[in-house]
Structures are given as C-alpha cells and as structure tokens.
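Consider the two complexes below, in which chain A is the common component and chain B and chain C are the respective partners.
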Partner chain A sequence: MNLATLAAGILTGGLYALIGLGISIVFGVLGMMNLAHGEFVIGGAYLASLLVIGAGWDPLAVLPLAMIAVALIAYPLQRYLLTPLLRASKTAPLVATFGLLLLAEALFQAAFGSHPKSLPAPYAAAGISVFGIRVQAVYLIAFALTVVLCAATHLLLTRSRAGTAVRAAAADPETAAILGINVGRVYAMTLAGAAALAAAGGVMTGVAQSFTPTSGLPLLLTGFAVMALAGIGTVGGVLLAGVTLGVLQSVAVALFGGGWSDVVVYLAFFLVLAIRPQGLFRRGATA
Partner chain B sequence: MIRRLGPAAALLAVTVACFTAAPALSQGNLNLGVTMLTYLAIAQAWNMLAGYSGQVSLGASAFVATGGYATGLMLAHTGLSWPLAFAGAAIAATALAVLLSVPLLRLRGDYFAIGTLAISIALQSLISNWPWAGGASGLVLPVGGLPSGGKLFQVAVIVAAAATAVTLYTRQSGFGLRLAAIRDNEAAAAGLGVSVYRHRLAALLVSSAITGLAGAVVAFQFVVVSPDGIASVNWSLNAVLMTIVGGAGTVIGPVIGVLIVYYGLTWELQNQQTFSQILEGLLLIAVVRFAPRGVWPLLCASVRRVSDFRRTGAQEPAGEAPVTEDELSKDLV
Partner chain C sequence: MKAIPRHRIRPRFLTLAVAATALLAGCASNATTSSSGTAGSGPILIGTSIALSGATVLPQIRDGYELAIADANAKGGVQVGGSKRKVQLKVLDNRSDTSTMLQQVRTLVLNDHVVALLGSCCQQNIDMEAQADALKVPLVLGALPVELLPGGNGYTWDAFQSLSDGANGFYQTAGKAGTNKKVLIVTDNDAQGTSTAQLWSQLGKAAGYDVVAVKAVPTGTTDFSNVLQAGRSGNAQVLVASMVPTDCFSMWKQMKALNYQPKIAIGLQCAQTPGWSSLGSLGNGTLVQMNWTQTAGLPDTAEIVAKYSGKYPNANDLGSVALGYAEASVLLNAISRAGSASPSAINKALASTNMSTALGSVKFTGNKSVTPTFLGQWENGAVSQVWPAKGAVALSPLSGLG
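For the complex of A and B:
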C-alpha cells in the first residue's frame, strides 16, 4: 500500500459521495428510501451516451444536459406517483421505487442492449501527476465536480429561499403547508435535484468505467453505504463518508485483491448501519 | 371451529393431492411445479416476516443462498445423503439468522430493509471469494445423490406446504396477533406486555429456516450453486414482488402472486424477458398505487360486494377478506 493507493481511494470516493448525496437528501427531506436512485445514475450515463457516442460530444459538455433530462423525468414521478404514496403509507414508496428500478432496467435493456458501454473521452484513461502521485485524470475531474456540486447543494439548501422551503418541508410538512409552502412541489423539486446529482455521477462513472443496464443496483448500494456512514442531513458528512468508503475499498483491494472491494463496502455499510444507525459523522440520533 | 380448521384441512387436502399426483406428471410440468413451489415457499416466508411482523426484508436471497450452499457443500464435500443435507440447509439458514439477528433487530422500517439488502449482497461477494465453495463459478453437486423428477417435486410440495402452514398458523394464532400488534404499534404492543424482541426474533428465525429449505430445493433442481444463481438478489426481489402483487398479510395472496408473476409474466413470456420485466415493473407500481393491499384482497372485496349472501362454507377462502381488512394495517403496503 502506498500513497497512490490512498489517492486513488480518495478520488473514487468523490464519485461515491456524488451518488450518495442524492440518496441522502431524498431520505432526509422526504423520509423515502429511493431504490430507483441507481437507475437515475445509469440513466444519466445512458442519456449522455446518446450525444457522446452518437454525435461525438465531450462528456463534460453533455453533463448539464443529462442532469436536466434526468431531473425532468424524476419531477413528475415524485409529483404524481410517489408523493401520493408517501401520504398513504411508509412502505408503499419503497415498493414503488423498486418497481421503477425493474422498469428502468428493462427499458435500458430494450433501448441500449445489454453490452457494456462507456463514454469515450480524451481524459478517460489518461493519468496526471499531482504532487508527484500519479492519478487517473477522470477521477480527479470527478472529484472536483463533486466538491463543486456538494458546495452548491449546501449553499442552495442553507442560503436560498428555495432551500429554506425544502428544510421547512423536511422538518414539518404540515406546518410548512399551512405557511404557504407547496410541499408537493418542494418534494418533486427535491427528487429532481437528487436525480440531477445522480445523473452527474452517472456521466462521470460512465467515463471512468463501463456500465450495463444492471449497473444501477450496485451503485445504489454504494450510495446507501455512503448515506449510512454519513448519517442524514449533512452535505459535508456525505463527502467525508464517500472518501472514507473509497479509501477503505482501495486499501482492501491492495491488501486482499480485487474480488474483495465489494465485500468491504457492504460489510462496512452493514456494520455501521447496525452499530450506529445515525451515521458516523453525526451527533444525535435521527433513526 | 370450522372457520379455524377449514383452511388447514383445505391445505392438507391440496398438499396430499399434489404429493400423490407427482408420478403422473410429465418432466416439464414437474420442473415448472418445483420452480413455482419454491417461489411460493420463499414468498410465504417473506409474507410471514413482512406481511405479519412488519419487517420488510430485501435479503431473502441471503437465506436462499445459505440453504443452497449448505446443501451443496455437504453433498460435494462430505458425501452425506440428501435428506441430511436438506435438514442442514434449515439449520444453516437459522444459524445465520441467529447471528444476524443481533444487528438486524436493532433496525426498523426502511433501515431493516436496507440492512438485509446489504447482507445479501455482502454474502454474494463473500461466496464469490471463497475457493472451497467454488468461488465465482460455483459448485457442482454430485448428480447421483440428488432427488429428481417426482421425488424432488414431492420435496418441493412439502416445503411449500410447510411455509403455507406457518403463514396460516400465524394468521390464526395469538402469536400472529401479537406480531400484528407489534407491526401496527410497537410501543402499544410493548406496553401491553408483548415481548417485541422475542416475537420479531421468532418471525425472523422461522422465515429464515423456510427460506433455507427452499434454497436446498433450488440447489437440488439446479444441480449447481453459484453466486450469480442461488445468491442472486432476484430471489429477494421476486419474493417482494409476488407477495405484494398477490396480497401481503394474507395466506392466499402469495399463491396468486406466484401465479401472476411467475406463471403469467415469467413463464409465459420467457422468450421476451425484457418485455416481461417491463410488465413486472408496471404491475408492481400499479398494484401499490391502485390496489395497495394486493390482488387477492381486492378480489375478495369485489366478490363480497357482488354477492354478499352467497358466501358459504364452499367459498371459505373468501372468508379471509373481512378479518384481513381489519388486521392489515394501513401502514402496510
């Protein structure tokens, strides 16, 4: 194990944080486990592939478009399907998002086939030196993007009127509604925002690795692992948790071999969930 | 009395009928039957855990895999006879459940669901890295020592009947009522003197043992146990899909669910897998949205509405609905 392993872990962790951030926000605000989050990630990658592979665009140029497209799909899903279910019962949205997962997987399969795809970019396989440590350029870009998006999300939630509405709706939907906040719209905007973050993670994942219609589920679990580690309600905690997971994984691979990377992630996830359901980086229980 | 014993007698009659019909069935039908009975057993086990005790698990595959691998390892490495390996599956799955109950029973609601999902995936990747169990390519069972054809069908009938019997018992007993009380209002149930921990643990252990037995049947049928086959998350997902479509918290619901999801969508559309999965996804969303209690309670309700007075002993299953509606919490799917 050396510094390069550590650096690779930190940078991969950025990508995990980006995927976990959306899950964490949705659970924090809506109290809903979104099993379809991984499909938003892969959906972003597939939609981007239309322009990247089809028209030769640069993935980073397509990224905002993919974010908007996936957000536009997510908004009506929350507004007209999931929010009414959320009011009826607590487990119904979980099952419905599982239905969405199945549906999305099948649609990706039908539209794009089951062959692994990736998004070609000049920086996909290139390495660059940072402080004498060689890292993959795409992960460095993804990490920078994650930091920017995390900061933007944090500012949006804490410094804007819309963010205040979101936090009000999260704290007490009934009171927020009485005060004139359209909770249904806030919920839909929240899922749309989370989906946009997921799509950004998806495009970067697509550049760094290949993906198939069934890649969503492992990504979803990684996202849940990040959320479990971070606890609900802190954007900074999510970033820290993603990086922790990335480092843990790359250390495990360096020590035990490639097959163990998933084992470590899921075991860490499960242990944290079992021992500290409120997350590692958070004081006080919310569970 | 008849109300209590009627369903049990019906279950016994169906079980005996299936058991004796086995030699008369063709190989293709036997194979289809074993698959559907396996799904039924897993769905009923999930039904008991999620439908009655309110612990929504996404980790049934962990116990299918444990049962299947326990059977496979015993047969491949020790040369025990298959009935012993079959019993071993239940023991191994129960042992795993005991071990996991320590962290799992601290979790509730969505956390329980996600925790079980994490376990099943962790187990799948652990098995892939375990050379003694064949690693990623899996383990082939010695074909000679396995039950097959009619005998395997009979084993599957017994497992599915046991699973259904457990659900029936849960439905009719004080134990089941206490489980439902915990599901609906844990604090109130605890206040009335119900031991929440012990009841949740019992539901978890019984459900896991049955799922493990179903895993052994899968291992017998597939002859090979592999991380991508018997440890696949699809087992968990199908259990949820079938039970919720049919009606969680009812005895007949999972039967209807298996018929709709496996026979209707998977078997009949086996040449169009993508289309079949699209339908599954849409069906699940439609059921949760428009018939949140599932197809069976919906059916019962409409039958009752059409002919309220015609409900006699001969239509005993329809008698399930009134109790169910009272029992089933609004909080449940």
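For the complex of A and C:
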C-alpha cells in the first residue's frame, strides 16, 4: 500500500460523498428513503450525454444544466406524488420510489438503448501529479466539485431563510405548517435539491467511468453506505464518510485484491448500523 | 333459514359465472398450448429465455432467431413428416437475471410445452444447460465458446467459436506488434472469466508468451490500481481483458491516466459493445474477437446486412444477428430431419447436423461445433477485420492508450 492508494481512495470518496449527500438530505428532512436516488444520478448522466455526445459540449459546462433538468423532474414527483403518499403512510413512498426506480430503468433503456455510454472529455483519461503522486484528473475535479457543493449546501441550510424553513420542516412539520411554512413546497424543493446533487454525481460518474440503464442501483447502495457512515443531518459528515469509504475500499483492494471492494462497502454499512447507528460523524441534530 | 336478498344473489351469481368462464378458458388455452407443441398440424412452438433488458441486452440474437423463423414460415414452414408446419417462437425476457431465466425455461417447457429451446448468452447458457438436461428438451445455443460448455447429458448443442482459435489468432496478431511477449490477463471472477483466464494463459505460454499476472475482479469494479500495478511491475506489453463493458471503460481510462501503456490489447466481451465508440479516441486500436464479419464471405450475409445494418450499424451487433439466425437454422433443420416435433426425436436429429449456416459450417462432435473466429480492431468508432487474412486490413497501433 502506498500514498497513491490513499490518494485514489480520498478522491474516489469525494464522488461517493456527492452521491450520498442527496440521500442523506432527503432522509433527514422528509424521513423518506428514496430508492430512486440512483436513477437521478444516472438520469443526470443521460441528460448530459444529449449535449456532450450529441453536440460536443464539455461535461462541466453541461453539468449545471443537467442539475437543473433533473431538479425540475424531481420537484413535481415529490410535490404531487410522494408528499401525498408520505402523509398517508410511512411505507407507501418506499414502494413508490422503488416503482420509480423500475420505471426510470425502463425509460432509460427505451430512450437511450442498453449499450454503455461514457461522457468524453479531455480530462476523462488524463493523469496529473499532485505532490509527486499520480492521480486521475477527473477524480480530482470531482472531489473539488463535491467540496464546493457540500459547502454550498451547508451554507444554504444554515444561513438562508430557505434553509431555516427546511430545518423547521424536518424538525416538526406540523408546527412548521402552523407557522406558515409551506411544508409541501419545502419537501419538493428538498427532493429537487437532492436530485440536482445526484445529477452532478451522475455527470462526473459518466466522465470517470461509464453508465447503463441499470447503473443506478449499485450507486444507490454506495449512497446508503455513505449515509449510514455519516449519520443523518450532517453535510460535513457526509463528505468525511465518503472519503472514509473510498479509502477503506482502496486499501482493501490494494491489500486483498479487487474482489474486496464491494465487501468493504457493505461490511462498513452493516457494522456502523450495528455499532453506532447514529453514524460516525453525527454530533447533533444540525446541518 | 334466512332468505338471501335478491340484490345479493345477482352479484354472487355473476362472480361464479366469471370464475367458471375463466377456468374453462384457462383449460382451453392449456389444451391449445399443449397440443401445438408436439402433435397435430398446428404451429411448432419453440421457446427462448433471453436477456432483453438488464446488464446484458441481446435483442440482436432475438432478431436473428425471428428472421430465421420468418424465412422458414415464408416458405410454408418446416417439413415435418408429410406436411409443412409453421414455427412459432415464444420469447421471454429474463432481464439478465439467472434465477428468472431458470424459472422461465421451466415455464416454457412445462407450461407452454415448447419442443426445443434457443439459448441466451454467456454465463446464462452455462446455467441453462442443466435445465435442458433435467427437462430433457434440446437446447441450441451459441454465444458461448465451445470450451466453456460443461459436460452435460446430451441435450445442449453449442455451435460457436472456439476460445482457442481466438486466443491463437490474437497471439499470432500480437506477434506483429513488436511486443516483449509479456502478458497481463484480467477477467471477471465468474465461471466464464476463470475458464477464459486459464485457457488464454495456457495458449499464451504455448505461443511463447510470458503471462506475468492473472487478475480476477468482480463485476462493477471501478478501481483497477492493483491490476495496473501488476501489469507495470511485470512490464506487460500485451493486455487481455475479459470483463463486462462498464468495467473495461473504467480500466481503459485509468490505464491512460496512470500511464500504463500496453502495445496491444484485446477486450473480450467488453470491446464487442457498440458503446465502445463512446470512449472516443481512447478506444482506438483495441482488438475484439468476432464470430462474424461482412468481409468473410459467410452465407446469408447479404440478407442480414440488408435487413439489419440500419438498425445495427456496428459489426458486432450484426454478428449477433447472424449468430441467432444460425442457431435457429440449425434447430429448424433438425426438426425437419427428425420428421417429428417430439423433443427426443429433435435431439437425436441434432446429433447428425451437417449444414452451412450464417456463421459457417456446423457439424456437431460431442454436442459442439466450432465456427470460424475473426479478430477486429476499433478505429474511430468502427471495427474492421484484421485477422485472418481473407477480408482483413492491416493492424493499427494501440493509439488510444498511447
């Protein structure tokens, strides 16, 4: 094991954190496990591919557009489908999001075919030396993007009126509604924001790796592992958890071979749930 | 006794009537299905459980099956005994899931009473063989190199290329690339991957190559650092990768970024996908093993190209159509020679198959028939044959990773 292994793990963990952040926010605010989150990730990649592969745009230029587009799809889904279900039953949204997962896979396959796609970019296969360690440039960019988005999310949640409304709705939706907060709209904005973050993760995944209509589910599982490690309601914790997971994976692969990368993810997930269910990095109930 | 009110009698009566009608319809349907499978003058029913969605998607093979059956039906059907009978194909999508496939195969045989089965791909074909043996129904498949077909009870018939031919062709081709003859082999860690690694290692050594490392990775791997480390430390200039396409995409990008530059590379399974072109110039120079090319002069090429080149511009996809066409042709030929639509008679007839198909000559020895192998090379989004010499273009350097 060497510094390159650690560096690769840290940078890959950034991408994991970006994928896990949305799941964590939705669960923390809405109390809802969104099984379709992986499809938001892949949806972002597919929407980006329309301009990247179709028109030759750079993926980073398309990224904000993909985020907005996926957010616009997620908002009405939450507002008119999932929120009413959430009010009726705790389990109905889980089933509904699973249905959305299957529907999304079928739509992706029908619209884009089943062959794997990759988003081409000059930095997709470029390497760069950082302090003498050779790393993949795309993961460095993804890590920087994750830090920026985590910081923006944290500031939004803690320093803005919208963030105050979100935290109020998360803490006590009934009282928040009495105080004049439109909880339905807050929920929809939360899912839209989480979906936008997922889409960003999808674009970077498409550049660094590739994607198919069924790529969402493994990414969802990785996101759950990050959320479990981080604990609910801590943006900084999600970043640390993602990095921790990335490093654990890299070290396991370096020491024991590629067959252990998934084992590490699921083992970490279950161990944390069993030993410290509130997460490794959760201090309190604030973002 | 309390009388039942009239307004309650009618719904109950209707419910019973509907249930009885459904029961009778179901019995009639089963009777129709069971009779059309084997006896009488109705269509002969054959079935396939194939991956049309999920991780591995094979509509091309399905299209090949349907084309062969449509061609046979256009001539009035298959000659069985003294009469011609049309053939009907029941296609079930197993979503690339093996347990679904196993269940569907049983449904096709036990409920639908198909007289024979056509295969899916790869590992699914290996798993399907046991079902064919247990259900005593003939199964004709391709998309599984003949060395990988496990020994069974004689109900599975594999007409496809040989891994050995592909490996020998690759090592011959690699000889022209001026390498140091050191090989890195990386495969999926399933049964097919393990067998592929063993075979390519053996044949590489026999061809005078030094296999410096053999690595197995699970599907979904994105970090190949330990694999690349093995390649670098062994100074391997020849790369053999047999993984699902998404894993190869990640590996190729990581190789380029971390400066691991083999001089020649083949992407078994992974470089066969048309999606390889989305790698752009990174994919240039990668070799791919093919079971068919337009330039090889094989039968039925003109029809397959005319009908499917618009839908499938990629040569490997057209090759899969040819594969499906060949498999179905073998089965239809056996049904005709059997003179009967009984599974056992068809199975017996398959043993004496000797015909020319879209993939080349098929004559089974021990349930296997080796069809020709070709090597293609990716350049700017298209694949051209580079081996064997007939129909080939010159080998290009592996510029994508350079």
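The rule we apply is simple: the second predicted complex is superposed on the first by the 282 of 287 C-alpha atoms of A that agree within 3 Å, B and C clash if a C-alpha of one lies under 4 Å from a C-alpha of the other, contacts with A are read in each partner's own complex, and residues count from 1 in each chain.
Keep in mind that, in the parts below, a residue touches a chain if its C-beta (ideal position, glycine included) is under 8 Å from a C-beta of that chain, and two chains touch if they have at least 3 such contacts.
The model shown is predicted, which means the values in this text are computed figures rather than measured ones.
Participant: Just from the overlay, do chain B and chain C fit on chain A, or is there a clash?
Facilitator: clash
Participant: Now for A:Gln109: first (chain B), second (chain C), both, or neither, which partner does it touch?
Facilitator: In the superposition, A:Gln109 touches chain B and chain C alike.
Participant: Considering only touches as defined above, state whether A:Leu273 meets chain B (first), chain C (second), both or neither.
Facilitator: first
Participant: Once the shared chain is lined up, is A:Phe224 touching chain B (first), chain C (second), both, or neither of them?
Facilitator: First partner only, chain B.
Participant: Identify the partner contact of A:Met33: answer first if only chain B is touched, second if only chain C is, both if each is, neither if none is.
Facilitator: A:Met33 sits against chain B, while chain C stays out of touch.
Participant: Quick one: classify A:Ala4 as touching chain B (first), chain C (second), both or neither.
Facilitator: Only chain C; A:Ala4 stays clear of chain B.
Participant: Applying the touch criterion given at the start, work out whether A:Ile68 contacts chain B, chain C, both or neither, answering first, second, both or neither.
Facilitator: In the superposed model, A:Ile68 contacts neither chain B nor chain C.
Participant: Name the contact category of A:Gly259: first (chain B only), second (chain C only), both, or neither.
Facilitator: both
Participant: With both complexes superposed on chain A, which partner does A:Ala144 reach: first (chain B), second (chain C), both or neither?
Facilitator: neither
Participant: After the superposition on A, what does A:Val95 contact: first (chain B), second (chain C), both or neither?
Facilitator: First partner only.
Participant: Per the definitions at the top, what is the overlap between the chain A residues touching chain B and those touching chain C?
Facilitator: Shared contact residues on chain A (touching chain B in one complex, chain C in the other): 105-106, 109, 218, 259, 262.
Participant: Okay, in this complex, where on chain B does chain A touch?
Facilitator: Against chain A, the touching part of chain B is residues 56, 102-104, 106-111, 113-115, 117-119, 121-122, 125-126, 128-129, 136, 233, 237, 240-241, 244, 274-275, 277-278, 280-285, 288-289, 292, 330-333.
Participant: Which residues of chain C touch chain A in their complex?
Facilitator: The touching residues are 53-55, 57, 189, 215-218, 220-227, 245-246, 249-250, 252-254, 256-259, 273-275, 278-280, 282.
Participant: Which residues of chain A touch chain C in the complex?
Facilitator: Going by the criterion above, the answer is residues 4-5, 8, 12, 53, 105-106, 109, 114-118, 120, 124-127, 134-138, 208-215, 218, 249-250, 253-254, 257-259, 261-262.
Participant: Which chain A residues qualify as touching chain B in the complex?
Facilitator: Result: residues 27, 33, 81, 84-85, 88-92, 94-96, 98-107, 109-110, 217-218, 221, 224-225, 228, 259-260, 262-263, 266-267, 269-271, 273-275, 277, 287 of chain A touch chain B.
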